[in-house]
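Structure in structure tokens, see below.
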Amino acid sequence: MNKQGTSETVISIGSTTSLLKRDWLPIVIVIAAALIALVFVGSPSIWLTLTLAGLAMGMMVFIVASGLTLVFGLMDVLNFGHGAFVTVGAYLAYAVLTMMTGLTVADNLVLNVLALIAVVIVAAVGAGFLGWIFERIIVRRVYGDHLKQILITMGGMIVIEQVVMMIWGSQEQLIQLPTSLRGAFVMGDAVVEKYRLLVVVFGSVLFLAMYFSLSHTRIGLLIRAGVEDAEMIQALGYRIRRLFVGLFVVGSGLAGFGGVMWVFYRGTLTADIGGELMILAFIVIIMGGLGSITGCFISAILVSVVANYVAFLVPEMAMTSTIILLVAVISWRPRGLFPLTKR
Amino acid sequence: MTQPILQLENVHTYIEQYHILQGITFDVAENGFTVIVGRNGAGKTTTLRTIIGLWQAKSGTVKLRGQEIQDQTTSEIARAGVAYVPENMGIFGDLTVRENMILAARRGKFDTDRLEWIFGLFPPIKKFWNLAAGNLSGGQKQMLAIARAIIEPSDLLLIDEPTKGIAPAIIEDMIDAFLELKRMQTTILLVEQNFAFAAALGDDVVVIDDGQVVHRGAMETLSSNPDLQQQYLGLALNE
Amino acid sequence: MISSLLSEDLPRSRIVAFTLILLLMAMLAAPVAIGGLTIMSVFVKIAIFVVLVGSFDLLLGYTGMISFAHTMYFGIGAYGTGIALKSMGASWEAIAIGFLAGAFLSFVIAVAVGLFSMRTKTIFFAMITLAVANAFAVLVNQFYTITGGHDGLIFQIPRVLKPAFVIIPRDVFGVPINGTTLSYYAILLICGLLFLLMLRIVNSPFGRVLQAIRENELRAEALGFNVLRHRVVVSCIAAVLACVAGALNALWLRFVGPEVTLDLQVMLDVLLIVVIGGMGTLYGAIIGAGVFVFAETYLQGAIAYIAPMIAEVPVVSVVIHPDRWVFWLGILFVVSVYYFPEGIVGRLRNRAAELANIKK
Amino acid sequence: MDSAPNIADHYPVIETKGLSVSFGGHLAVSDVSCCFEEGTLTAIVGPNGAGKTTYFNLISGQLKSTSGQVFLNGEEITQYPVARRAQCGIGRAFQLTNLFPELSVQENIRLAVQSMAKTRDSFLTLWSSHKDLIVKADHFLELAGLEQYAKANASTLSHGNQRKLEVAILMALEPRVYMFDEPTAGMSVDEVPIVLDLIKRVKSEGNKTILLVEHKLDVIRSLADRIVVLNNGEVVADGDPTTVMASDIVREAYLGRARQDRVGTAK
Amino acid sequence: EDSIKITVIQDVTGSAVLESYANQVYRGFDLGIQWATEGTGKVLGRDIEVIRKDTTIKPDRARALLAEAYEDGSVLVVGSTSSGITKSMLPVAQDYEKILLVAPAVADSITGEDWNRFIFKSSRNNSFDMQAQAVAMRLDENTSIGIIGEDYAFVRDGAAALKEAVKKYGATVAAEEFVEVNAADLTPALERIAQKMENAKGRKILFAYFGFLPNYMGKIMNWGPERYNLEPTSIILTLPALETFKVVPGMEGGAFYYYGLPKNEINDWFVAEHKKQFGTPPDFFTVEGFAAASAVVTALKKANSTETEDLIAAMEGMEFPSVRGPRTFRAEDHQAMMPMYHVKLANEEGVAWAVPQLVRKIEPEEFDIPIRNER
């Protein structure tokens, strides 16, 4: 073997796709949609308000859907109970917040953000722990069988929601943001809620973290391979079960995180809060391409921003716009914007 | 003689309610090359799957270097140094060739020399490095399955019918490859229908029929004796 | 005779057969023997769900298509009939026109959805139908001037079907035989016939092809079966059957509303019934619907019966509380998947087959 | 159409003209023009990845060609979907076993028989009332030697038996064109002759066109009337077996330099 | 002698929110019986037996339960919260020729097109809310109103009622935007309203009317209506809503109930008893439960009979006490007429909600509630 050949292979066996080879088209489409909307909306300040609001909403959807991309997109578990972890996250946030009013009532940005982060951590860990139990009792039996997954996770969701109602009661509860995160910034004629900005920051950080941990480790590969042929991946020496459990826990934890973000936006909570975004989350994941973090992120933003434009321009179409978008994307790319798997 | 690396003793395996392996007993000698032959449906694949732990033996023992492994999980057995090429090849079709390979390189890095060697053996692997493995041709998939099993050194290599669908020229190379592996201290247990291929490589042979071992011995004995072939394989090969 | 009526697809398990006969007899006798709207409602719901679930099983169990839009067709049938009765008055023509309009709309949507199914994978298809059904529910809500929106619609039905139409007065059997009884038996009869029709369909050559498509679509195509056409056809059959079920439901309730028809919850109930009963066996639809409807109707009552006995026990009294009966329904979901992975009918049939094997 | 009718209106059963397909720049089948006549068995050989299976896919419709045309008895079928081609009489078996796993072996074959029957889509008749189809299915079941597995699910068969079932399904279709993709791969030595007999039977009917992809040289030698060699998607040799097998290009690309006789045959 | 059976059908399970409402209704009903019978639980010398039934928000079940209640001899039946469920029960009352006292559902069609003579409704309807709201908005020719709400029957009917109500003040409705139920983001709709009302003259009021979306006021305030000189307001119904109204101190609006508003003995007793039994002040649905119980007892006393026809005769035009002052079933469509409040919100230290302060009580006579049934 000559040296030359070796070094050549080292290059070719390294990173697969360079940045240039990436598929930029969907991103271009998002930007194009925004620009076309600008023409129709006319007023730049209204456009900006709509765009920023849509962006924040998209981030929120992404955070809630992020766990689902792992569980449904990568692991191929159609978890209809995902919403239950969102609910649990929301209620944990509520519980923690009522315990540490000191930090949240203080009009101090740093303290407030710290409080919020603490809430997120508790909610994510709590939901993750519940996810672990859920995996053991509910999901373990039904890997590979979508239909049973739908039913059993639905059952699990009902049980969790009912337990939440046993603990916290069925009445609607009010939850308030830490003081300094309330209100909005006015920039010229456009407004942005402070909280929405925070969501954009959290969403972006989450996206980058997930993107790098999946593309720089073999976890994503292992899971996809394990879903396709669990026997073979074990025969290669991997403890696929552990990985599945771990990923499920992370997915549930992310749902808990999403629950925190969502409940603060919503302002009040009831036990069925988790179900509200689930259809949207599923749409976003399908549209993005199963298992693709980037796809989930882009399509969450696309859906939300477009929904805002349409709601402003032709409100009658607001509800159908998402479906039309979904059908259009699927007709264009039957496996979603960034297809990762053949499923 | 040294202790055999793998010993099966009176192994019984059930699939659902069917009694498939009905008392399989044989040894695989360290650094040797053992071939299992037998008719379709005899239980060859089941034997390999029982060894790697994909089926659970209902009774009997499977020993790897004297250690009983029949109750261990597949991943434990694999990590104990057993590599496996399944009959259906077990290719991850959604993943690229490279990704298939990197999963087999357990530390996440390739030994470049070994990779070069594989590229030399199976040129399509290199050529289609970034292609989704599901799109490979039948023979190319088979090559990938073997490449995946040999990218890391292992103590025992279980291979289920590697030559099916492989063109003669590559079979040639495969013979060389297996011989080289053998030189590199890998023990190979091969299930094979292509008797010429088996005969070219095997030291020992095990004939399975109806879930039982009907013949064990040196390859020489069988390959040179048409009567035995007629008896065990239903067909004399050197007419 | 019975065998060909059942398209040679017999229950193949004594327990199943026995249960079916028992249920059928109970259904026939109930209005006279027990009387009262409660028991009739239970049985009518079972009968209607047999058609709804059975038609869904044509898609799911036989063809392997997961669709969340099935109750949408159920809703279209119900709304079509309801809206026509409301706007045209209580006449048979209104029922006919409303139902036909609903069936036609279902047919058109089913063709569109069926055609779209070709482009995507099963699970994508499922998710898309979920979104479509959701959007449809929102639309119904928005067109509230026609549909009654969130609150639904009530309407009159022909007098012959109403309790005011007395056939045999109360004092003869102790229970009145009237228009309600008449519609009860009519619904039972129609549902029974539709069940036999479905049984025939799945045991026809066409039905075999559906199963082949479920197993391996590409191979079915390679054998020369036009997969797309089969999918579209079965989607239409299932949609129209669901539509009939919806119309019957509307006539029985004299009300249509999203909770009874379009809610995702109804769809999930249907799914649960299919799985409890056993996918890919139409008898499963009967057993599943029976188990489910009885559980739904009496579970809360049963818990309310137990609850006072354990009212003092701290945690248990919270869990076993009539208001928490949904918790137990959730447990039922989980348990049924755990213990009846192939459904009750599947399980019983396997057992019967094993017993037969042993005897041999 | 530029193809002037052949003399005496004779068309080859299958003809491909300039058939090509490329995957992202990689030409898997490149400009293949070939005719296959009634009553002949043509073996298609070539190294792995030569494009044999892809060529089959183009003929039977699983893949759409990038350019070129396919004709069946002079009728262009390039745009026909898979099912329609099958109905026209193009039948194929797959290299990687492709069955209805949870249906019984018998049902697998029945479906093939049914596909060619007029009643295939009938809704309201009972499947079991079509006795003729069942009898026919059982006939092919027997031919393939799978009677004992008739009621077993296809997924529970061993690999070799699944291969046999694959062949039996093709037989049951009774097409005009049979395409076998490595029918004997993974089949035990004593079972290979059963499959070969099946193919010979079809051949002896005289009016069938058979395409066969195989890597076993002895099989090719015993069956083929003609050999087409593909390499890198192109036809590199075409002719009668002895000449083709002896040609340098085949030795070079396919058989491997020196030892071709040791491998793939019993000698 | 036998007890008098009264069945209360509510939508308890099946939806978290409705469950808490149903429980309030039950509490209110029990308190109402307790108060109206002066703690004896007896009327006409017979015990009142209250039977509770849960529709689980299923119309088919609701109908069966209602039929069952009548068959079991309930004198009359009270129910329910969800307008849809209630509507599905109306024909059953007619079939059985027994009274269904509707509470606390609101849909206008219950006393309108879907009405039959066995239906009485002790709860309010949209027009009360909207006419009270119109009063509270202090309208004149120089005001324009923008309406934002959800796109469904309840809100749409409300908006129509409001438009009707503002006519007599000469104010104009300059914009109406309805978002999908449970829409997550109000921004586009708000921007549209702002755009449409940009050139409207005089005072600009933004009236928000939502049935499902919680905390809409917070969302509106975050969006910044003051940038366009829009004054947000809404109708005040429940305590949880008041919690979210802390962001709009000084807001004036119509109100149905707040435990501090009515100044009468019944309310004093009611609030004290509720706090004693449950530790919290009573709220909207408890009040409606109480009113229903009061109507039942008053009717039985007045009719001095448990026969349906006697009861109907007694109830038409009957006045019955409630914690917000007396209500009267009007004879034409059996809708109860009742007072409302005009309030102004203020935030008080240590109180978790915005506290409504009475500006004025709007008496039943001031309302012009259309009669829509075809009697």
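Labels for the chains are A, B, C, D and E, by order of writing; each one numbers its residues from 1.
The rule is simple: a residue touches a chain if its C-beta (ideal position, glycine included) is under 8 Å from a C-beta of that chain, and two chains touch if they have at least 3 such contacts.
Because the structure is predicted, anything quoted here is derived from the model rather than measured.
Q: Taking contact as defined at the start, I'd like the list of chains shared as neighbours by subunit C and subunit D.
A: Touches both subunit C and subunit D: nothing.
Q: Compared with subunit A, which chain's mean CA position is the farthest off?
A: Ranked by distance of C-alpha centres from subunit A, the top chain is D.
Q: Counting only C-alpha atoms to place each centre, which chain is farthest from subunit B?
A: E
Q: Could you give the separation in Å between the centres of subunit A and subunit E, each centre being the mean of its C-alpha atoms?
A: Those two chain centres are 39 Å apart.
Q: CA centre of subunit A versus CA centre of subunit B: separation in Å?
A: Those two chain centres are 44 Å apart.
Q: Taking each chain's centre as its mean C-alpha position, how far apart are subunit D and subunit E in Å?
A: 75
Q: Centre to centre, by mean C-alpha position, how many angstrom separate subunit B and subunit C?
A: 52
Q: Two or more other chains touching the same residue: where does that happen in subunit A?
A: In subunit A, the residues touching two or more other chains are 165, 319, 343.
Q: Please list all residues of subunit E that touch 2 or more other chains.
A: Residues 19, 180.
Q: Among the residues of subunit B, which ones contact at least 2 other chains?
A: Residues of subunit B touching two or more partner chains: there are none.
Q: Looking at the whole structure, which two-chain pairs count as touching?
A: Once each pair is checked, the touching ones are A-B, A-C, A-E, B-D, C-D, C-E.
Q: Would you tell me which residues of subunit A are touching subunit E in their complex?
A: 43, 46, 49-50, 53-54, 57, 60, 161, 165, 169-174, 182-184, 186, 189, 191, 193, 195, 265-268, 270-272, 276-277, 304, 307-312, 315, 318-319
Q: For a test of understanding, state which residues of subunit D touch subunit C in their complex under the given definition.
A: Per the stated touch rule, the residues are 60, 62, 81-84, 86-87, 92, 94, 98-103, 107, 110-112, 114-117, 119-128, 130, 169, 173.
Q: Taking the touch rule as given, give the residues of subunit A at its contact with subunit C in the complex, in rising order.
A: Going by the criterion above, the answer is residues 78, 137-138, 141-142, 146-148, 150-152, 154-159, 162-163, 165-166, 279, 282-283, 286, 319-320, 322-323, 326-327, 330-331, 334-335, 343.
Q: Hey, which residues of subunit C end up touching subunit D in the complex?
A: Touch residues, subunit C against subunit D: 4, 7-8, 200-201, 203-209, 211-212, 215-216, 218-227, 230.
Q: Give every residue of subunit D touching subunit B within the complex, in rising order.
A: 23, 45-50, 52-54, 95-96, 156-161, 163-164, 181-182, 185-191, 193, 215, 217, 253-257, 259-260, 262-267
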